[in-house]
Amino acid sequence: MRKIVAFVKKHTILIILLAISILFPQSFSYQSKLNMRVLVTAIAVDKVQEDYEVTLQVVMPQAKAEQGSGKAVLSFITEQGKSISESIQKIAYKIGNTAALSHVSTVIVGNSLLDGNLTKELDYFIRNTEFNSAVMLLIAPESAKDMLKKTQNLEINEAIRLQKVFVYKESSLNGLMMPIVEFMNNSLTISGSSMASGILISNEGEEVLGQSTDKTLESQQSQQQGGGNQNGQESKESSNQQGGESSKEQNGRIKYYNDIYYFKNGKYVNKYDKEDEILGIFLSNRAPNTGELVVQNVKGDFLKDATIGCKFRQQETKNNIKFIDGKPILVIDMAFKDVKINEILNQGQPTPALYEFQAESSQSNIVQAIQERVESCVRLAYEKAKKDGVDILNIGDLAYRQKPYEWKEYYSKTGESYLSGTDIEVNVKVNNFN
Amino acid sequence: MKKQLTKRQVLFLVIITTLANKTQRLPSLISAQLGRHGWLVFVILGLIDVGFVSLALLANKINKSKTCYELCKQTCGIFIAKVVVFVLGAYFFIKSLLPFEAIHDAFSTVLFDNLPWPLYGLFIIVAIILVCIYGLNAIGRVGEPFVYLFLTSFIVLFGLGVSTTDLSRVLPFIDFDVPKIIDACWDFCLWFGGFVIIFMFMGRVKEDDGKMGWPIIIAVLAVNLIMAFGYMVFYGLYENLAADKVNFISMISQFSLLNVDLGRIDWFFILFYQFGQFICIGLYLCLATKCFSEVFGIKNRVLMSFIVVMAVYLLDVFLFKTVGEGVSEVSTIVKYVHPITVIGLPIFFIIIACVARKKEKNAIFSNNLVKFKLLTGISSKNIKNFIKDKKVYKSCDQICEGEKQ
Amino acid sequence: MEKQSAVEKKIYGLFCDNSDLECRTLLLDHKKVYLFFISCLVDKKLIESGVINSLFEREKNIGDNILSSLEKRVVSMAKAERVQTDQQITKAILGGAILLAVEGQTEYLSLQANGESKRSITEPPNESALRGPREGFIENIEVNLGLIRRRLKTTTLAVKRREIGRRTQTKIALVYLSDVADPKVIRQIETRLNKFDIDGVLDSYYIEEMLSPKGEKFFKKIGSSEKPDVVAAKILEGRIAIFVDGSPTILTVPYVYFEDMQSPGDYYDIPLRTTLVRFLRLVGMILSLMLPGLYVALESYQYRALPINFLINLLNAVEDISFPPMLEVLFVIFLFEILSEASVRMPKPLGTALSIIGAVILGDTAVQAGIISSPSIVVVAISGITLYIIPNQSSQASLLRTLFTIVGGIAGFYGLFVGFFMVFSYLASLENYGAPYFAPFAPYVATDQKDGFVKQPIKAMIYRPKSYKTMNSVRQQPFNHHYKTKLQNKSETAKKTLKKGKKNEKTAD
């Protein structure tokens, strides 16, 4: 032992050099050189018969010589396989580079996957440790691949960071940033209900701002389908364009109010596509920082035909359960702070309407109108889901958490059909009305 | 015996060993078994730890000059001393598998796409062997500045998790199954009991101005309570999927908005956090090396360190095919031995420390008695009467001490 | 050629044939007096106007006791010492003395007449400060000792001299406060110096190596400085300073790593600013060591940690580069090292032109040619600049930086983490002359934190550093009643220490 130690001490530098020279070339083979990877920022998944069609949104670096005004160019690569994992692997073989999936922020799922159990289809994104837990789930109305390709029409920062866009949308009550992990978790709770946002990207001039009816939505979709296919074919060519040229085509816009799809135990049930429903579900479930409300039919002669635009900040929602006659009632207490009137569109009224508006009675009528509007939105969303048998407000979970023994008693009597005996009570309070 | 550690270093090492073990795989394992009530395991086992760490500190206070081996040898004989020290050594050896697996997990699956661990694991083996050779001195000194980095990383990552969690998912508190919780406490006891290192610090702590008793007790309690809360945060983030998210410290910060904006900069904090794991492995294996050296009489520190550390490496690489398998196999065996070390050893050491102290006092008294007889000329018969009188007893000591001076 | 006298033969015989030894023969009261000297070592003016004039001063008889008589005559101009043995004679002449020999006498007089040329006292290039003294040590040990003596006017300042080097006979002086420095350390130094048997000592670095522990070749173990105020401060803290003739760098022992993080300017500025600057130095040190390795690790393995926008920019920058990141960064480091080495040696007239060429080649052309990428230049440039934030550690930091780059390229974050930990553990285990290497942080020494990263005002530094042992730990008394009360109320041990300090001072007085 002593001889070994003495030998090591005498030849320390030689041993270190030897170790480095052995490991040095090894490092080249194990090294995940950045150039040998393609950076994937979004994934679209569709089902084609029994196979999965996966499309990757890839950021292609631009060498200095080719750089135009844009910093990166998007490219879309599609492949089919028996599983999502296999499809991604095939893409790697196709392009000769491994897919770097760590920056994937969005997964868009096509309509074709809604037939089965979505939680099972998305298992890959939970198991693979390369993905961030906060990867967002979006549902495309038709083909996810086409919708993903339309992101090319968005500003580059928007296209590669859809998750951030939806975070902002969520905070202003017109979008839902639903991580896949949370979606999966919600489907495993007592209520089993989970939601995911839809995504609709249209070119400027095609989209309809504000509320969209079913018909309008259909016509938009049909237009986009025709346009979408063309976009898909042109994607490869457009990916090779210079940054300057591509900016001319960046006139895509994400729809303001995106549909909210709701599921029960991972299976698709229905969706909220009306503005009131979407607003209702956000106000009851989420706690955004800011939001816009439009109220009409305010009581009183002065404002009866007016359309009033309000902005509120720091809305807080507290959901409590109470049992009445052994049945759970969800009490939703909503408090709106700092409600400001931004705009009053009052047709046919003389100009000094401001003095009338300042009257206390007018203000209290507006507040009442806001309360009524919010209540009606929430109830609309709840009733629609209740009809479909989906406990969208998680009454079951809340009841178990807050009053477990009463809940167990109730559940033992009703079982899976507990929802029919539930009801909601919405209390809206407006503080600091301006 | 050269005093190698300061009281402050002991405190920091206890904090590191108590916290580092619990922040990798444990929360996901508990959630698979207990779900929302898993935080109770941290509270129960934490309180047990607090109770017995107090006993361990008391033993340390009673005996300040001898190491645990010397103490056992003096009071119970060589054979029992070797048995006790062997048990300690084996315990530290097995405990070291936890942070080793944690590092394996963190680097080969979290921070890297695919790191060939059998080859790259040798880097850490070399580093640990060197640390074991440098000794407790070096580990204590390394622990001092790194504990700040370790705790800061933990706080940052924890803070990122707290800001995005839904704590209501942990409710209800009251609806739990007691037998299940007891079973879970039994199954996961290996991750607790980090204070056992205090026995090895007996006789090796410098007598300085620092305090060791209450700070350590408060630290152990605080760490366990924070981890209980941490479990709630973790469960609040993942709920039913918590069992699949095997790395608590890297999973807890993934939902933060910072992540969306700035990318995974929490990785740097996860990396800094691994320093704590490394100190933990180094400490456990250094202590195991010391124990086995004393048991087998091998004084060559280099050889012993090499054997012990390579054994851990071989177990990890060749015996356990996956990290999960390794951890579950080890915990299945150790849960039967763990109570002996956590509960039995503090009581045992208090008893023998008291016995040793009494023996020393008696020895001093009998020496003083001889001197007293010589000084005063009183006969042995009469001395017994004097001894009964406490004032005389005291004055006997005082006279002899005065004589010394 | 005149026949040499016996004295001349003897003295000339002690030196080699072509020695530059000169001899002046004088006739004084019918007696031949010889003056032997090496002209380049003595002050020539002193020979003419000093020695010779004073010898001929009195016309009276010299008397029987010639040497005593001559000694009295020359005492006003030079220190005279009697020498007899060959060793003493050669030592005297080679030390710059004039040897006065009288025919027929067996003893000789050695007259100190050093006239070697000295550099003027200027500010050292590596330790400049915005405020504070601008004096620096020079190569002459006497001048250096004088600079210290001017600052430490105390009888307890001990100066122990010796010579080392068989052929160079280099003068060395150990300077310390006899009532403060640890005698054990002094003995250790003397023992090591005694063991040293070498041909010649040309610089203090020889002594530094000599005093470093066996086998330790990489990390610095002995402190050094070229500023008198710094060395005086270190002596006041209980350290031992080692002066070496021929070197402006003074060594100080014991050494702790944090010494190099402190600069003289820290003590002449407001504490808050000093605190900020010290943290800056720490950050700079870490950047210089780890940044290239971190960049390589991020680009090769842990790109997931980078935000997407930055990653895209990085991808764009490295798109055309055909080398792996590790090789690329090592190449840039190599270029920077060549530039820095060349800039030390290149002639000043060419300096500016070559610097521009270097910058243009590295900064622009190489990037455009696709040999290296701009992020790697930025990274290595930052690392190179921060390397000199602590100039005393630049050699070690430069080597470690290269090592960490290789380690980062081989094993990414993991390699960096393990490598850093190994280096830190090794350094933490070191203890030199009773001082732990990373004191006062590892182990933590509470009182020394007042001069740690967060600097307190000078009046708060009541105690000398406790990271190493000193005989007298109290530096100053608390400055006002409030502070006195606070200190006394703080803890019993603080009281005891204060009392002990007072006792020691009394005994010292």
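The chains carry the letters A, B and C, assigned in the order they are written, with residues numbered from 1 in each.
By definition in this document, a contact is a pair of C-beta atoms (placed from the backbone, for glycine too) under 8 Å apart; a residue touches a chain by one contact, two chains touch by 3 or more.
If you're wondering where the values come from, they're calculated on a predicted model, not measured in any experiment.
Comparing each chain's Cα centroid with the centroid of every protein Cα atom identifies chain B as the most central. A comparison of the A-C and A-B interfaces places the larger number of contacting C-beta pairs at A-C. A straight line joining the Cα centres of subunit A and subunit B is 45 Å long. Rounded to whole angstrom units, the spacing between the C-alpha centres of subunit A and subunit C is 65. Residue positions of subunit B touching 2 or more other chains, listed in rising order: 113, 115, 261, 263-264.
Each of residues 26, 32, 102-103, 105, 161 in subunit A touches at least two other chains.
For subunit C, the set of residues that touch two or more other chains comprises 301, 304, 308, 311, 411. Within the complex formed with subunit B, the subunit C residues making contact are 301-302, 304-308, 310-311, 411-415, 417-418, 421-422, 424-426, 428-429, 436, 438, 441-444, 446, 491, 493. Contacts from subunit B toward subunit A in the complex involve residues 109-110, 113-116, 119, 168-169, 171-172, 174-175, 238-241, 244-245, 251, 254-255, 257, 259-261, 263-264, 300, 302-303. Residues of subunit C touching subunit A in their complex: 215, 299-301, 303-304, 308-309, 311-321, 324-326, 368, 406, 409-411. Touching subunit C in their complex are the following residues of subunit A: 9, 20, 23-24, 26-28, 31-35, 37, 39, 41, 59, 61-65, 67, 71-72, 100, 102-103, 105, 157, 160-161. For subunit A in complex with subunit B, the residues that touch the partner chain are 1, 5, 26, 30, 32, 102-103, 105, 126-127, 129-130, 132-134, 161, 163-164, 167, 179, 181, 184-185, 188-189, 400-402, 404-405.
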